[in-house]
Amino acid sequence: MSHMLVVPVVLPALVATFIVTAARFDLVLQRVFSLASTAALLAVALGLWLLAGDGVPRSYRLGDWPAPFGIVLVLDRLSALMLLLTSVLAMLVALYAAASFWDRRGRHFHALFQFQLMGLNGAFLTGDIFNLFVFFEVLLIASYGLVLHGAGARRITEGLKYVAVNLAGSTLFLLAVGLLYAVTGTLNMADLALRVPTVPEADQALLRLSAVLLLVVFAIKGALVPLHFWLPGTYAAASPPVAALFAIMTKVGAYAILRVYILVFGDAAGAAARIALPFVLPAAALTLVVGMTGVLASRSLTALAVWALVGSVGMLLLPLGLLTEAGTAAGLYYLVHSTLTGAALFLLADLVARRRGAAGDGLVAAPGFVEADLLGGLFFLAAIAAVGLPPLSGFIGKLLILQVLAAHPARTVLWATILVTSLAALVGFVRAGSTVFWKREPAAAEPSHGPGDRAALCAAAALVAAPMLLAAFAGPTIATMEATARQLFTPSVYIEAVLGPARLADEGTIQ
Amino acid sequence: MELLMASGVGVLTMVGVYLILRARTFPVVLGLTFLSYAVNLFLFAMGRLAVGRPPILDPEATGYTDPLPQALVLTAIVISFGMTALLVVLALRGYLETGQDHVDGRVRSEGDAP
Amino acid sequence: MRLALIALLPFLGAVLPPLVIRAGRNTCAAVTFCVTLAALALLLVQAPSVLRGEAVAAAVSWAPQLGLELAFLVDGYGLFMAFLILAIGLLVIVYARFYLGRDDPMGRFYAYLLLFQGAMLGIVLADNVVLLLVFWELTSLASFLLIGYWRHLPEGRQGARMALIVTGAGGLSLVAGMLLLGEAAGSWRLSEILVRGELVRASPLYLPALLLILGGAFTKSAQFPFHFWLPHAMAAPTPVSAYLHSATMVKAGIFLLGRLWPVLSGTEAWFLIVTGTGLVTMLVGAWIALFKDDLKALLAFSTVSHLGLVTMLFGMGTRIAAVAAVLHILNHATFKAALFLTAGIIDHEAGTRDAKRLGGLLRLMPITGTLATIAAAAMAGVPLLNGFLSKEMMLEAAAHTDYAGLPWLVPVLATTGALLSVAYAARYVGHVFLGPVRRDYPHRPHDPPAGMWLPVAILVIPVVAIGIAPPLAEPVVDLAAAAVTGGELPDYHLALWHGPTPALLMSAVAFMGGFLLFLAFRPIQALRLRLPRPEAKAMFERTVGAAVAAARLTTERLHDGSLQRSLLAAILVMLALGIFGFLSGNHTPGDRRLLPMSFPALALWLLAVGAALAVLVRHRHRLVALVLTSVVGLVVSLAFVYFSAPDLALTQLSVEVVTTILMLLALNYLPQTTPPEPSARRSARDLGIAGACGLGIGSALYAVLTRDPSATIATFHLAEAKPGGGGTNVVNVILVDFRGYDTFGEIIVLGIAALAIAALLESALSGASGQRLTGLPGRLEAREAHPLLLVVVTRVLLPLALTVGLFILLRGHNQPGGGFIAGLVIGTALIMQHMASGFAWAEQRFPLDHHALIGAGVLVAGLTGIGAWYFDRPFLTSSHGHFHLPLLGEIELATAMAFDLGVFLTVVGVVMLTLAKLAAIGRKAEPHEPPSVSMDIVLVETGPAEAATRQEA
Amino acid sequence: MIEATLAIAFSVTALAFLLNLYRLAAGPDVLDRVLALDTLVVDAIALVVLLGMALGTAVLFEAALVMAMLGFVSTVAFCKYLLRGNVIE
Amino acid sequence: MTETLLELLTAFLLLAGSFFLLMGSYGLAKLPSLMQRLHAPTKATTLGVGGILLASMTHAAATLGRLSLHELLIALFLFLSAPVSAHMLAKAHILRNRAEAGRLPPTGRPTGWATLDAGAGTSEAD
Amino acid sequence: MRARLLPHPALSLTLALVWVALVNEIGPGSLVTGLVLGLVVPLVTQPFWPDRPRLRRPHRVLEYVLVAVLDIVAANLQVARLVLFRRNASLRSTYVTVPLALRSPEAITVLAATITLTPGTLSAELSADGRSLLVHALDVPDPDALVAGIKTRYEARLLEIFT
């Protein structure tokens, strides 16, 4: 029995608890434990990813109860990918937070950080729809704590709105899960996949109601327009390492859409099949427009990062919204790219702000600052990735998405949306970069030394390296995404891993 | 009885939704409390309504109501308790920090004195 | 791989200059030179096979799913272009070594230059359209860096931005176009696409692909109306202008026209658009060039004009025109690069490049003057120089072109273009080099070091050589043109004299007209000054500015930070989707036998609905709203009691109490009333929306309640709770066993909430918040803080509550109760102590650290779960057994109960921590120290402990 | 006989609820509403006990017990709020 | 025989209890001032619940034939808490209602009533 | 020593009984557990109840409870009559001050609770020095008699019970 599947949840939970209990007043100890835990998580995630590489999903029956009666964790390619992505991001962000001393601007940073990881990992691993709710809550409440890290009026007022909106979202989640249970009698997602097609005709309206309500919930988490209003203020107010970590948060919504609308309401779901299809794509296009308009409108590097993140959600949900194998592969590639690039932008904005004194990260001229060229170079690369210019992963992702959308009847509109918003992003980034890194205000004396955060700079640089690696190894990376998508579109392997072959056979054929 | 339950939940939802659309933090908190009442009842009722059939095993019992929604609601109550507590404190904290509890966009001038 | 290396070598080499700059500027330039030379050598290695007529191709996989591969192709056209790029590159590198100032970071310059060179080579050598796109955009990026090289100059930044935005936009257009082209051709390989021209032209995608590709090509090559960016790119150092903006990058667009000529040309659309654009560009560019005083601007617009010329030639679609185009690419690259470099020398030496401040330089800098004059003459198309040959071919081709049924149009306009070309070339020579020597140059001009003029001289060699001996160019042109036209070449030969052709006539007209124009420059300039002159840069900046302003307006209007907008959007979407979801499915009313309504139930319903509606009406009075809300909470618990959910009732009750206290603690510092609604319309709207939500949720619930349930997994839970879980309270067994993992998550949520609350409240004591706390207005307050009756009763209550709490905890597995409820009951009893006797007093008596309590709870629960690993069971596997204890009898214990203990501890910790922190706020706000005795009334006889406490205080 | 008296008791209790609702709605002071809430809790205990009798079950006992134990905490808290502002000082 | 007696007793207690319950709420609704209203629920309602609890005990004895004690616990808590609730409500009322405060008789002591006047020996000094 | 281990003997006994009542079964198991809790819980909660009210004559407690309960029942009927049949205007509601001889907080609390639970009267307030009790009476023809009744019927007994 391999307990490795549950480690990504239990390890951060216990480490965080330990930090709160025993290391509450010792920042050094907190850092040691937090970083060690994050590194261990990275190793475990890598191990799990390799494990999942054989294409056979694995399930872990918590409490040793047979599925679908207890809760199961399921490791398939998709969950392993999300775990790995989270761990990589977390490792670099944790390093950054410690090296930039952001972690000492408030209480409990490392504990909350670990809890956040627990929530994320739990959400990616779970095979139970209600447990998904629980872990959504874990990751949300940890994120509330993290958003408020460092306090200050802005964080508090924005945090308040963030909490309120997500509470409303959680309420909706419960409604939807309740309805789903009422018509199917189960919570296990594999079991749902088997039962949804057999829901009687008379209950279809309720089933579909639950399906669309769930979609609204996931769209709120994913910040799809017009359910995105909570995001810009919150992310802009959050401390930079937190915002960087939050680059993965919107992807949780995307992940949930993939999981539920392919496994449960996928092609085989009978009358409720592919119910998400009419909604995701238009919302994604709208999100892309709003996000990139925001990029154009930005008045600071952080705002730029925020809006680029919003836009990237739209971009990645365009192909995902097709609910096809090819679309999923393209979307997943873009998901990985946009998460790491988005995080890099937040950290770079912070590194700049720390050096520019009063000007901060505002798009205004300021006296020269230390390591301006280095940061400018990093920003240039990150911007190339974010805008989607070659040769970095943003371009490759965009091409993949354009190709995938080629078969769509509304191709012209979608392509035009992507290309025009790319132009808006280009303009936004060009203006921002040339103002911040090139435009100089004369100063009495240029600062001679920086804030002493070389290690933080390295962490940010490592994030900037991500789009390069993703581009350089685009072939194998996309192949992995394709394998992931293929597995996702073969629900039978998932169902078999959870419920066993016998049950699958009983329920008849499922593609 | 089912009609009472359904309409009651409907009214609680209505009040909750109306309150969260008010422009101050306190009504929003109250509204979310109402929504939480509504959704807890809703989720609970997914196991249908039954009188005198608590899911506590008893040799003399004639049947049990569905225990699972109850367990889910219990979890939901606890979670929303934590969330509400945080929201309440945030509302307080925001007021202390800024001197106002208006959350409906940029602060307007009229009648806004704390 | 060797092919790929040609393009990749400059990229790899780009890291060197910044590294070796410490070794000196000469070393830096030399390294750059060597990198370029190496690439050139690699290129020339391929030359023999290409000259034999074989195209050399090689491909390495990159992202096959995308059609992207590192595929390169060296054919005649590619070789020709690549050679130009590298050869001119070498000259520019040498020139730049001397051109750049002491303060200019040379390492960065050469790095950017190499990046650009690599990208450009990539474009001309790519055999994969996707790869071509990659390099295409890279040239834009590299040129952005180069134009913005002098980043302290606003012109540099603006020029760079403009160039990148315009060419970037074109790049996006090209992306779409190439994808369509690939789709139409069914291949991403350029070499394959090139032979599928008919297939492509027959495809419905042809026209969109053509338009989009032309969008890319025209922006890159500064064709009208995208011509405006190029002159502003002149803010770059002159070597950059010479290299990018005359010889190479701007040629990328027309290179592409040539490259795709076999595929795209030959249609009416191609002809009309490409020729038309080229013609207009040629004229507009030339007209503007004529009046530019800035030498680089003059050259820039002349470049625009010449690029238009080439475009027009490609547009004609005839083979001979294509040959002319290739020839002119070659010629223009040489003479224009030379001209730019001389402009740079003038600027460098005289300190200005404003024609109005120059003149007579030929005498002061004879070498430069001579070279510049030759190059300018070539630009004007003077015989015996290479420009003459291509111009003649162009005029000849134009003479035979019938545009849109107007046979005179193209010849007349082409002649006009040539005429203008003569005029501005004459200006370049006449107003700069001829005339008297002036006394007011900013610097005293003289010829530059050889390193600067030698590259010019080398460029002038082919200008003259080809001009005198046209057949010299023939092999090169043949090679390249054959590749463009797809192998077959028209019967032509390059010669100075073709006899009396229409072209000769047109040429003569152009010369005479041009010269006259030059002579009449002043009056014509005066005339032009009276004509409207749209300032492209200002328009562009205005457009971008307007776009940004519009974006800001919408973004900031839309995202004004309103929580209610956010919620309203979510609610409306939910309503819309919900209605769609429900109506799109089949719904049949259920036929479940319903429970009979009863009077008590109706009364409770009235109570709840009444209280709820009262909250709706009276919510502005916050305390009243809170009381009414508690009533609703009570009815909710009664509903749970009534419908067989005792555990839920207990939970709801205890949560209700703690929540109420929490809200009261917060409300104390908040406004007591909500200000009146600003608008009745909005209230009505919200009420309507809220009503719709209520109706929707209520209906959905009714629909569920009136139908029989399907088979649920709970059957298993009911069956297995006792044998498998060791408990008879199935809800509790689900919570701590079947779904203990949910509960584990749930207590962590609670723990995190407490942590966040604690952190929030700790920071409330300082800063603005701290000030506001101490400055809170006082209000009507009782003098007595701790009423005696309350104190005594709560003292009695605590042990009782503790006993009851323990009972609820222990029995929870079998009867209603459990860790959560027990935790809240005991927590509430402890709160009562704090409420009655004061926080300070009670806190002294609470022996446990709150954080530790939470931590212990989570650890107990977590470790109970992990304990299962020891038995090789999954996380949270419980075991249970019967134990016979003396006196106590038979009892059943389950490890799940230990888990429940963890839940219990967490809940107590959370409640205590939260209240402790809120109380700390209260202490800050309180003007006086609260009494540290447990009750305000002090009776004569007091217990020793109490007396001791008082003494401490 | 017990059934009949139980039915009467139920109805009478329900009537009591409605009377409380009147006070809750009419006020006039917030204290009146607190008092009504306090009364409601006690009436609710009665209702739960009656229900336990009617259904012949003991599982509702804990609910009644917790109501009795915690019900007045809210009342005290509201009063403390009105008396001192700070509930826990 | 015992059972019938117990049943009769149960029925009586039920009716009496619910009657008092109703009295409490009726008084709450009917009486004109808060201080008067306070009387009704604190006594009648408490007693009413007491009656119903006793009925529950006798009912258990009649139907199950065993002694049920836990109703006593509920009564215990009620009797413990009802006076405190009333006391606190009265204090709050006295504080908030100036007219009511004016109606109070003197304490007969050097100090005033606790809500309005803190006694000696406390650290409250305003 | 005894005081330290058994701070509130009466409480211990009560808790044992409470446990038995909770389990709702009189058996060796519940009794033993109840006694253990009766020992442990007061020890744990002792800091919150620092004084030790000494009960001098425990047997008088029962008598007191009986008197009080009978009074409660009897007088409730009277209040029911008042509420049902008397016009609100004719109620002679008033405050009376009851000077206290009791000095123990626990004793005062018991007295105040008894007054409140017995119909017609309600302990509204204590004086700041704790030596007078303010009683509100719903309908009282003779306030002095009421005070005297309270003092003789309840306070005197409590004085005997609490030292």
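Every chain is named by a letter (A, B, C, D, E and F) in the order it is written, and numbering of its residues begins at 1.
As a working rule, contacts are C-beta pairs under 8 Å (C-beta built on N, C-alpha and C of every residue); 3 or more make two chains touch, one makes a residue touch a chain.
By chain, UniProt protein names: B = Na+/H+ antiporter subunit C; C = Monovalent cation/H+ antiporter subunit A; D = K+/H+ antiporter subunit F; E = Na+/H+ antiporter subunit G; F = Na+/H+ antiporter subunit E.
Computed from a predicted model, the values in this text were never measured in an experiment.
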>> Between subunit C and subunit D, how many steps is the shortest route if every step has to go to a touching chain?
In response: 1
> Computing the C-alpha centre of each chain, which chain sits at the greatest distance from subunit D?
Replying inline: C
> Counting in whole Å, what is the centre-to-centre distance of subunit C and subunit E, each centre being its mean C-alpha position?
Replying inline: 68
> Between subunit A and subunit D, what's the gap in Å when you average each chain's C-alpha atoms?
Replying inline: 48
> What whole-number Å value describes the gap between the mean CA coordinates of subunit A and subunit C?
Replying inline: 15
> Between subunit B and subunit E, what is the separation of their C-alpha centroids in Å?
Replying inline: 31
>> Counting only residues that touch at least two other chains, what does the list for subunit E look like?
In response: 19, 26, 38, 40, 46, 68, 70, 73, 76-77, 80-84, 87-88, 91-92, 95-96, 114-115, 117-120
>> Using the touch definition from the top, which residues of subunit B touch two or more other chains?
In response: 20, 25, 28, 38, 40, 42, 46, 51-52, 54, 56, 68, 75, 79, 82-84, 86, 90-91, 93, 97-98, 103
> Using the touch rule from the top of the page, what residues of subunit C touch 2 or more other chains?
Replying inline: 561-563, 565, 567, 571, 598, 602, 626, 642, 646, 667, 697, 704, 709, 712-714, 717, 738-739, 742, 746, 749, 752-753, 756, 760, 767-768, 781-785, 787-790, 793, 796-797, 800, 804, 815-816, 918, 930, 936-938
>> Per the contact definition, I'd like the list of subunit C residues that touch subunit D in the complex.
In response: 598-600, 602-604, 606-607, 610-611, 614, 621, 623-624, 626-628, 630-631, 634, 637-638, 641-642, 646, 649-650, 653-654, 656-657, 660-661, 664-665, 667-668, 779, 781-782, 784-785, 790, 797, 800-801, 804, 808, 815-817, 821, 825, 828, 831-832, 834-836, 838-839, 915, 918-919, 922-923, 925-926, 930
> Tell me, which parts of subunit B touch subunit C in their complex?
Replying inline: 1-30, 33-34, 37-38, 40-42, 44-58, 64-68, 70-71, 73-75, 77-79, 81-86, 88-93, 95-99, 101, 103-106, 108, 110-112, 114
> Given the complex with subunit C, which residues does subunit E contribute to the contact?
Replying inline: 73, 76-77, 80-81, 83-84, 87-88, 91-92, 95-96, 114-126
>> Under the definition above, what is the set of subunit D residues touching subunit C in their complex?
In response: 10-11, 13-15, 17-18, 20-21, 24-25, 27, 30, 33-34, 36-37, 40-41, 44, 47-48, 51, 59-60, 62-63, 65-67, 69-70, 73-74, 76-78, 80-89
>> Using the touch definition from the top, list the residues of subunit F that touch subunit E in their complex.
In response: 18, 20-22, 24, 26, 72-73, 75-76, 79-80, 83-84, 88-89, 91, 93, 95-97, 99, 112-113, 115-120, 122-132, 134, 136, 138
